[in-house]
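By letter and in written order, the chains are A, B, C, D and E; residue numbering begins at 1 in each of them.
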Amino acid sequence: MITPTHYMLLSAALFTIGVVGVMVRRNIIIIFMSIELILNAVNINLVAFSNQLQNAVGQVFAIFIIAVAAAEAAVGLGIILAFFRNKETVNIDEMNLMRW
Amino acid sequence: MAEAPKVPEKKVAPPSGPPDPPPPADKAPPAFVATLQAALPGAVVATSYWVGDWTIIAEASRILDVATHLRDGSDAAFDMCSDVTATDWPPRAERFDVVYMLYSTRHRHRIRVKVKVGEHQPHASVSGIWPAANWFEREIYDMFGVNFTGHPDRRRILMPDDWQGFPQRKDYPLEGPGELLMENPLDWLRLKQARDQADIE
Amino acid sequence: MVDTFVIPLLKIVIVLNATLVGVTYMVLLERKVIAWAQSRLGPMRVGPYGILQPVADAVKLMIKEDITPVRADKWLFTAAPIISMVPALIVYAVIPFGSEVSLFGRQVTLYITDINVGLLYVVSVASVGVYGIILAGYASNSKYPLLASLRASAQLISYEVAVTLTLVSVVVMAGSLSMVQIVNAQYNSHVWFVFAQPVAFVLVLIGGLAETNRAPFDLPEAEQELTGGFHTEYSGMRFALFFLAEYANMIVVSSVVTTLFLGGWLPPFPNVAAFGFLYYVPSWAWFLLKSFVFLYLFIWIRATLPRYRYDQLMNLGWKVLIPIAIANLVVTGIVRVLLL
Amino acid sequence: MGEAIAFYIIAGFILIFAVLVVTAKEAVHSVVFLVIDFLFVAALYASLGAEFLAIIQILVYAGGIVVLYLFVVMLVNLKRPPEAYADPHRRTTLGFALSAAMLLEIGVIASYGYVKPAPALAAVAAPVTGNTEEVGWLLYTSYLIPFEIASMLLLVAMIGAIVLAKREL
Amino acid sequence: MQPPAVHHGAMFDTDELVINMGPQHPSTHGVLRVVLRLDGEKVVNADVVIGYLHRGIEKLSENRNWTQIILLTDRMDYVAAATSNVGYCETVEKLLSLEVPRRARYVRTILCELQRIASHCLWIGTHAMDIGAMTVFLYAFRERELILDLFEEYCGARLTYNSMRIGGLPLEIPPGWDKKVLEFCKIMDSKIDEYETLLTHNRIWLERTKGVGVIGGPEAVALGMCGPALRGSGVPRDVRKDEPYAAYDEMEFDVPIGTAGDTYDRYLVRIEEFRQSLRIIRQATQGIPEGPIVGKVPRLIKPPAGETYHAIESPKGELGYFIVSDGKSTNPYRFRVRPPSFCNLQALPRLVRGHLVADVVALIGSIDIVLGEVDR
């Protein structure tokens, strides 16, 4: 029997992997992808509870999260491109200036 | 099989230049030639007429002035440089004839301008006057080694960039340099000189 | 047990094989039709009128040396053709080839499955197929493929937006995302959607051409510009997979257009009693006939039209197709709410 | 039983590919693993009866957002990842400390689940006719204003991305 | 190990990409190499590299006797070999001050114009193919085949004809050949319309060619462009009209010119040239005079010392020969060809700047080059 606990465990593990990615990796693109993993972990939770409660509100929120993720990716990648054009790097440690 | 009797090849002395016959008395040069002579005294060395073509033989050092005048003069208006080429006359001191074939799309007439250029003598490029001359002069540089100055992009054009020698010169062998030239140009030169010596003897 | 496992598995096997054979013969058909358009004969040597040409092609491609460029990303280079082929095949899961037939006393539906988000499934699986092309271009580590895959990703995503927006208006008409329900809706509304949604039909057709990289939108593989585009570095069977995927996608697009706009397996005038005799023709035959019309149209267009330029393609997608699609959707919505 | 098998397989793959995303040497490989990961997440959604969300996950996430990532990775196509010449494990301690804390939390949750199983809740609202209709109904009634705000957000993001990425306007 | 201080050498940065188009490329029409600097897909600069097909024809010719050179001229513009033959023979005749019989001049005109149609057929086919319309290619080759058949009947060869002799023609035209030529004209008339229905008003074709590679008349003249590429920019320069050779002074024809100077106008000019060529062929074929086919040619051809330049209008433009004779040997002292493709190709970097990669292909097609002639 799969209970919401299982989904929460899965979600928490995925979340952890995402956080470790953000912490350890220095390539900003991979950091962005780790953030996507974190968002997905949240979504899994929402959908699991939505299923448990037989209520679609959780799915509605998951859709909002996907919309936010799309917005975040668009702007974030735009920043990365603009940055790369000027500094030729995607290493987050070299992003230490507010302007150039 | 009987050997055909070997006819010893007659060594004809290489010609030292084109005849450039002067125009016959009943032929008057086109009007713009007179204008050119008036505008740039001394720039035109001679005029020549042969099988219907007029040629101006100009002073090499003043080619830019002549070219500019021929392009901008209203009676000349040679807006199109239809060809630039060279001829090699090795016995002559100024061994190259650089020949400009000009055409006017307005007056629909042609003229040939010819200058004599020495082997290492710097010669002004006309590619600033007619952009078309750019590649033609590159080809002349590639084939004859005429030393163009002021050319925007003086590289070899048809031959590989690292080619040794100038293939269209008369003293360049028809069969090409062979492997030896590519590997060791000095040895090749020695061998060639030895062969020429043997030829003369 | 038979209903849950055996029959679906059998259907999957049959559909997969039919697809692959169909795809190989699609290549022959294209070569023949284009040859006729160009006053040539086309393949004539292998078998009578060249009908065994696909076999020869397959043998040739399989025994050909499979080259991997030295500096390519080997892992992705191998994966890319597979990534492009798999989505092209799994789309067939939801395509209704016919209604029901009785075989050996069983009612068998002529589709593998009918999921309630069928149309969205088609669109989403097709969107994953983009990766094959992008990764192929990237993994080759060569400039022409890289340019091609940049082109491809921009093109496919743009036209996906246009097509998906257009499909929404069909969904509004049908009231369902299920492929089978859409066909049934056309039966119930007494009219094929091509007459109810002519604008959407044209848009989906154009978008479909672009999504499958067919002429005049075959920029990612434009031979004259990019020397073959994303598959420049591919050879042998891996190249064949790209090739098959392209033709499989063509069949998918024709099938989807048939289902959405031409009433799928329904004969013409399905509700008119006077034309009842058309039901004697089996439903799958109608479906195949209609799909064939579109396949022929694709080939015909390829033989006729020059190729668009990259910027013109993007302008067409974003400045023409998407606004029209949105306008069409709005009009459809208003009409639907007010009149029906 | 079938449900459990499906869950464990899917969950296993999700975690494996998530780890691969974070550990892959090349950014492109990371992107590919991310796509595969998202496909498995979609499968998980489907197994939870959220078909519409599953399809949206594939269509928007795998087919849209990640293509964007791939696009940027290709544009920024570096010969080697930044890790090759910058200290790759600068925050390793912090990262692992954090993950240890996280694991601890997971352990607590898991043990709590054993001690006090979640009560099986009764269905609050009966499903309308299907998953898509249900989600759509909620989106356009109760959550209309958040929906509109999300659309505004996307518009702003779109304009922002164009402004940022375009060299000269 | 010291890490590199500055990170450079990315294969693809977002600024510029250098891409080598050719020498092995499906649409460079031979072994042309164009080094493109791209910004995204936009061409920032282009460097044309030629010489991959250089065979030293000029040098070779200076070591062959005057008649042997005719067959070397075949190898230059190999899609319009007869035109090169005519140009060379006329230059030598000019040096010799030789009168060519009228019948020979008429046949030369017919051959030149047939050759122009054949060359333009090849051009329209490859140009349309470069832009993606592949059917036109096969249609055009179908008609080119008919011309090759006519040439085969006349001189036995299908590509490198060697179809001229100094002072006239090598062969009398076969009986009934002129009828066949007229028949071909009738077929070709309808086929030109066929090409036009496929292209001229095709929206995609218009979008791909209009406003692409615009060059004004004076600039084109200064760059040395010639032939249809120049006439597309509105300069009415045609050697056939301006400096008539063969029997063109007796023919009635118009010189079509464009207005915009873009790829589409160059296309229209060439399409109209098809029609004008047919007009010339009809006039010449119907008016072939009787008489000898060879003039009074000396047994040993040895022009007097002197030099001359003579140009004719090849399908690509002004094909000029500059020949110097030293009057003593049986070979030319200097043999120089002014290849029209060479000059047109020179304008390519100017034309492609600011356009997209796809336009580079369209423009290479639009200036109609043959690498055999460019590299010689």
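Note that in this section contacts are C-beta pairs under 8 Å (C-beta built on N, C-alpha and C of every residue); 3 or more make two chains touch, one makes a residue touch a chain.
Everything numeric here is computed off the predicted structure, so don't read it as measured data.
Q: In how few steps can one go from chain B to chain C if every step must land on a touching chain?
A: Minimal hop count between chain B and chain C: 2.
Q: Could you tell me which two chains share the largest number of C-beta contact pairs?
A: A-D
Q: Average the CA atoms of each chain to get its centre, and name the chain whose centre is farthest from that of chain A.
A: B
Q: What's the distance between the Cα centroids of chain A and chain B, rounded to whole Å?
A: Computed from C-alpha means, the inter-chain centre distance equals 72 Å.
Q: Between chain B and chain E, what's the gap in Å when you average each chain's C-alpha atoms?
A: A distance of 25 Å separates the two centres.
Q: Taking the mean of the CA coordinates per chain, how far is chain C from chain E in Å?
A: 44
Q: For chain E, which residues are shared contacts with two or more other chains?
A: If we look for residues of chain E contacting two or more partner chains, we find 7, 10-12, 14.
Q: Multi-chain contacts in chain C: which residues touch at least two other chains?
A: In chain C, 146 touch at least two other chains.
Q: Scan chain B for residues touching two or more other chains and write them down.
A: Counting only residues that touch two or more other chains, chain B contributes none.
Q: Can you name the residues of chain A that touch chain D in the complex?
A: Interface residues on chain A, with respect to chain D: 1-6, 8-10, 12-21, 23-27, 29-30, 32-34, 36-37, 40, 43-44, 47-48, 50-57, 59-60, 62-64, 66-75, 77-82, 84-85, 89-91, 93-94.
Q: Using the touch definition from the top, list the residues of chain D that touch chain A in their complex.
A: Touch list, chain D to chain A: 3-4, 7, 11, 14-15, 18-19, 21-22, 24, 27, 30-31, 34, 37-38, 41, 44-45, 48-50, 52-53, 56-57, 60-61, 64-66, 68-69, 71-73, 75-76, 78, 81-83, 86-92, 94-96, 98-99, 102-103, 105-106, 109-110, 113, 117-118, 121-127, 131, 134-135, 138-139, 142-143, 146-147, 150-151, 153-154, 156-158, 160-165, 167.
Q: If we count contacts the way the header does, which residues on chain C are in touch with chain D in the complex?
A: These residues of chain C touch chain D: 73, 75-76, 79, 115-117, 120-121, 123-125, 127-128, 130-131, 134-135, 138-139, 146, 149-150, 153, 157, 160, 164, 177.
Q: Could you pull out which chain B residues touch chain E in their complex?
A: Counting only chain B, the residues touching chain E are 12, 15, 18-19, 21, 50-53, 79-83, 85, 87-88, 99, 101, 105, 108, 110, 112, 130-136, 143, 156-160, 167-168, 172, 174, 176.
Q: Note which residues of chain C are touching chain E in the complex, please.
A: So the residues of chain C in touch with chain E come to 34, 37-40, 141, 143-144, 146-147, 151, 215-216, 218-219, 222-227, 303-312.
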